[in-house]
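Just below sit the structures, each encoded as structure tokens.
In what comes next, chain A is part of two complexes: it sits with chain B in the first one and with chain C in the second one.
Up next is the complex of A and B:
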């Protein structure tokens, strides 16, 4: 007889924080106390609050234990489960008061979220199809088979669901185009090549709720008339591949995949295809080439995949998060889906909070939520009392949303007006220590590296832009560099073959637009206001403050600091490697960093 | 993107043993059955790479090309496009330091620099004892615990340079985390 359940977050981040050892300790403690038959341990998918991991939740109470370690996990069994006493030391401490939260419902990181895509992540065992079914799993498929392809597509169209992979294209239109396309066989593809730096919602869905994607793909197959589906997952996500494989096997055993699904006469099966570290494969035409066993190079559209996709056949391709939205829409209807979000971007969006923010992790909120709510209410603000400078969205294809727009509702269209894109939902929070020129250069380096080389504007143009950016951060910029960057950027945007090149200039153009002073400081004053660009940084000794303690001279790895004991020291600028160790070690505030 | 000269070398092509040939044939045939006649190059190459010390020797690629029914040029083009496949020898363990945005702003450059110092090799190089190859990686998707890295299939997060000696020692000793 099971009286308690222990949910342990086995998402990718919690595993790196030691989830496996925590689980081992809990199993051992249960046996030691003789209650292993009364308590069930369930390893779930990602619970979202990655910085609090490893996380253990005790049911039925829902007690939320965070930052559990193998050393402090024991009392969860010996105190909580044996004696009924909550282990208060492991509860989450509310940031604004001395009180501690007992359950997820008391933590603002969770209470402000609306979990639709992540409905099962962190709640069920992703390896158990029974648990998925118990949460209305495959009910949407049942309904889909009943109402037929036209009604399915009509429901998706009415819901207003837009592609969560970045561009926000209406999903229903894609489905209809694939259904209407002539040609056979047709294919259904799931784009799980989540390459945007800082976005990890697709990984979490595949790891935490793989059946939701499988169910949606079967529905899609039925709607467009396909018999084969492919899930394209990156090799960087071995856990997602492993859990997806298990889920596919279970789904076949239960008759949700294979021949004559649920007695409907409809046949459909899914295969996994693996990507191996080429960012451009997230672009749909490139991804299809990769599945075909070719170099993942994009091709011009039209023809769109819906007309000529895999092996030249009509192909429906959607992203993981988009698919995960589909089963609940079929169960609850289009109206339900539109009940949250904005008129033009209904539903929720999963964001990945990362960078300089207190609470990192995955959060799902209605479209139209403001950046302030995301960063400060849910994210808990910026660590160390630093100032919020901006949020980088859309990875290397996006730009910056600045502090001036903290109260703007975020949806596909509002962010586009700011010259950035929603992308797949990565939000990298930047604070006053981040140099915007450096950040833009960093993303440009990424696109230069990942450009497949097929079209000239992307291959050559991004390289030219990068060289100018490098010149600026090296302190060799010229006043007309900004104009050159803008012109070059526009040409690349307008003439590149695929989305990678068309969006590659965005980080640079966006930072020039919102932080022109920073660019000017680099070019005209040869200074980096954020002290991030090493070539523009100098360390010097303020002789009035220096007491000659010699601490800096002893710390300096290249012996660039000289001076007699109890006399002011001097840093030789030619030798200094700008490592900052003198700045760190000085107790008299005598090192000037500028 | 430079072509692997070994691929064109006929004398190397004969270097495969009977066991090698049987292994490769078995991998390709199994994949063909699993994928209903349409082989997945990636699955085959990952499995083959695993057996041949984390890289794809030219003579092996040549045999795989023959077995799957494509040209060596086509297969070589495929292999050199994807950064996780290698035609150059790599170490027993491949360290992939995430160099993407969130990790960059939270300290990945310092992690990479410390690994270069500890291993005595630069990014993209292999230690002389053949234990480790150090690579930069695209986003590993564990940004919540950035900076992060993966060694083979195991991920490590919330890294500081001082965590690295312990991690390397554990991997050398054969244990994961």
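Up next is the complex of A and C:
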């Protein structure tokens, strides 16, 4: 007889912070106390609050223990489960008061979220198809088989679901195009090649709820008339691949995949294809080439994959999160889906919250949520009392949303007007210490690296832009560099062959638009206002404050600091490598960084 | 099915264009606007890599590529807006930023597509610095081709030709982004991979990244050596193309001027590969007759094209038994020059230098094959030559382009030269030898002889129209006095692959197959002048058949010099001596 369940978050971040050892301790403790048959341990997918991991939740109470370590995990068994006493030291401390939260329902990080895509993540054991079914899993498929392809596509169209991979193309129109396309066989593909730095929405879904994607792909196959599906997952996601493989096997055993699915006469099966580390393979035409076993290189659209995709055949390709939205839409209907979100961007969006924010992790909010709600209410604000400077969306393809737009509802269209994109959901929060020129240079370096090299503007143009950016951050910029960046950016946007190139200039153009003064400071004054660009930085000793403790001189790796004991020290600028160790070691605030 | 017509506006004017046209085609055919292109090659390289052909289309945020974008009903196209001009110019400038500026000394100095484009677009200054940090090594591994990756602009034409037209796949893109290069398997170099040396890549290269391995300096050197007897042989396809290099109209028969120019360069004898083409027909024709009569291995497959030979050795070693054992005309020529002619003239064979002018880059590889030292072996015992004195049957191979370059360098006014004849005896040829230069020509030449030998009757009509034409694959059934002979012809190795796969499976319905490596046959060879005329192969083929029609003798076995060489030297076709001198062996390269 099971009286308690221990949910342990087995998302990637929690595993990295020691989830497996915590689990071992808990198993051991249960046995030691002789209650191993009364308590069930379930490893779930990501619970979202990655910076609080490893997380253990005790049911039926729902007690939420965070930052559990092998050293402090024991009392969860000996105190909570044996004696019924909550281990208050492991509870979440509310940021604004000294009180502690007992359950997720008391933590604003969770309460402001609407979990639709992540409905099962952190709730069920992703390896258990029974738990998925118990949460209405595969009911959407049952309904789909009942209502038939046309009604499925109509429902998706009416729901207003838009592609969660970044561009926000209406999913229903894509499905209809694939259904209407002549040619056979047809294919269904899931794009799980999530590559934006800092984004892990799709990984979490695949790891935490793989059946939701499988179910949606079967529905899609039935709707467009395909018998084969491919899930393309990047090789850097081994856990997602492992769990997906288990899920596929279970789904076959249960008759949700394979021949004559649920007695409908419909055959469909799914294979996994593993990417080999090229960011451009997240671009759909390149991804399809990669599945074909060729070098992943984009081709011009049209023809769109719905007309000529895998091996030239009609192919429906959607992103992981898009698929995860599908089963509940079929169960609950289009109206239900539209009940949250904005008119043109209904539903929710999952964001990977990262950067300079208190609560990092995975959050799902209705479309139209403001950046302020995301950063301050859910994210808990900026650490260290620093000022919010902007949020980077859309990864290397996106741009910056500045403080002026904190109260703007975020959806596909509003972010576009700001020169950025929704992207797949990476949301990196920047504070006053971030140099916008440097941030843009970072993303550009990424695209320069990841450009496949096929078309001139992307291959050569981004590299030229990067060199200009490097010049600027090195303090060697010239007044017409901004003009050159804009011209190059425009040509790269307008003439690149695929989305990677077309969006590569966005971070630079966006920061030029919103932070022109920062660029000017770098170019005209040779200064980095955020003190982030190494070459524009000087460290000096404020002699009035220096007590001559010699700490800095001893710390300096290049012996650039000289001075006698108890006398003010001096930094030799020619020798200084700007490593900042003197700044960090000085206890008298006597090192000036400017 | 009737073609639907679409209404489009190009630069503000209304046009009706067929559905399915690209913007590029529509603008050219209907609006007289030639949108500039760089990477595009119709039907072969349609990837949109360069970003030069962009146009403005109303309602689109970006600039679509004219080469890839199909017109649609009501489309409004602007080919010359400010942002179009800016984009084209910048994309070309971006390419130029990393392109070497040694145009003065580049082989393509006079016909570089990149340079022409930069000039057309008014690029007067390259605003961007070089971004590549190092110069890449030049690939000198091939006996036929030289690749300079620094001049490569990654247009992919060569990659696509090699893969799609030739099905050889010797080159592809390696590396990513700004580090990408065209490379060979593990960057081993063209000479160490499956490259068949056809040079089709060179013909489509818009810059000087691909050139032939030049033998001009070697040839100048021997021409200046009074101790050498330097003879030149010219392949059939050269005479109908070399005029292009001197501004003569496409399809000019420049045979007489070519002979005169070569003589003027200082060659001691100006001979003709057509002579040895006739010799090839005797040997190969009799080989075919023998195989038919004696139930030998059929189909017989021709062996004149060295690219095809390496292709078969590499990809289809199992069919080598089907391939004729005859050497190519170039190699037969070298052998008979250094044996028969040397003997006849009383020349020391070591003093004879054979230079061939070929439409071909693979011939440079062929002459270096270790089997191709037959004349040396012929003389070795007679003259007690040491092994280290070994010499090739053919010493140097010049492409048509290289020959033209030498003629230009010598200041010879080619177009205005009075016509001259070839020297005898190795300059005498029949029309059958001439048509070797076009796809189907070897087949037709062989049929003219085989028919008469097999039937002992005179051919009623010499022209076998069924085997002519530039299509990639042709087949015909020839009535040899009541006996049907099924023949097939392929040009371009992609087409050859299809026919050869049938042979490999034992399913080929043919008795005789002609294979030419290059599209159109030798007239479209990798050593030919670079041309922008899409009909160039047709023009050259017409000239070849005109040349044939104008010949007094049109059958190889009726060439009196051929009759004489058999009478005085070789004996019968396929005799032991002929076998020894004019036939060769192949080897399996599939494991290399």
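Keep in mind that, in the parts below, the second predicted complex is superposed on the first by the 594 of 594 C-alpha atoms of A that agree within 3 Å, B and C clash if a C-alpha of one lies under 4 Å from a C-alpha of the other, contacts with A are read in each partner's own complex, and residues count from 1 in each chain.
As a working rule, a residue touches a chain if its C-beta (ideal position, glycine included) is under 8 Å from a C-beta of that chain, and two chains touch if they have at least 3 such contacts.
As the structure is a computational prediction, the values presented were derived from the model and not from experiment.
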For A:231, is the partner it touches chain B (first), chain C (second), both, or none of the two (neither)? neither
Looking at chain A, does chain C or chain B touch more of its residues? B
I'd like to know which partner A:194 touches here: chain B for first, chain C for second, both or neither. first
In the overlaid three-chain picture, which partner chain does A:302 touch, first (chain B) or second (chain C), both, or neither? second
Taking the superposition as given, does A:334 touch the first partner, chain B, the second, chain C, both, or neither? neither
Have a look at where A:278 lands relative to chain B and chain C in the superposition and call it first, second, both or neither. both
Using the superposition on chain A described above, determine whether A:491 touches chain B (first), chain C (second), both, or neither. second
Is A:464 touching anything from chain B or chain C once the two structures are fitted on A? First, second, both or neither. second
What is the shared patch of chain A, the residues that chain B and chain C both contact? 278, 295, 297, 450, 452
Under the stated contact criterion, what part of chain B meets chain A in this complex? 35, 39-43, 46, 70, 74, 77-78, 81-85, 96, 100-106, 137-146, 148, 150, 153, 155-158, 177
Along chain A, where are the residues that touch chain C in the complex? 278, 295, 297, 299-300, 302, 448-457, 459-461, 463-464, 467, 484, 487-488, 490-491, 493-497, 502
Per the touch rule above, chain A residues touching chain B in the complex are 12-13, 15-18, 20, 50-51, 53, 194-200, 203, 234-238, 271, 273-279, 290, 293-297, 352-356, 360-362, 392, 395-396, 426, 428, 430, 434, 439, 442-443, 446, 450, 452
In the complex of these two chains, what residues of chain C are touching chain A? 47-52, 54, 61-63, 65, 68-70, 83, 86-87, 90-91, 94-95, 97-98, 127-129, 131, 153-154, 156, 172-173, 175-180
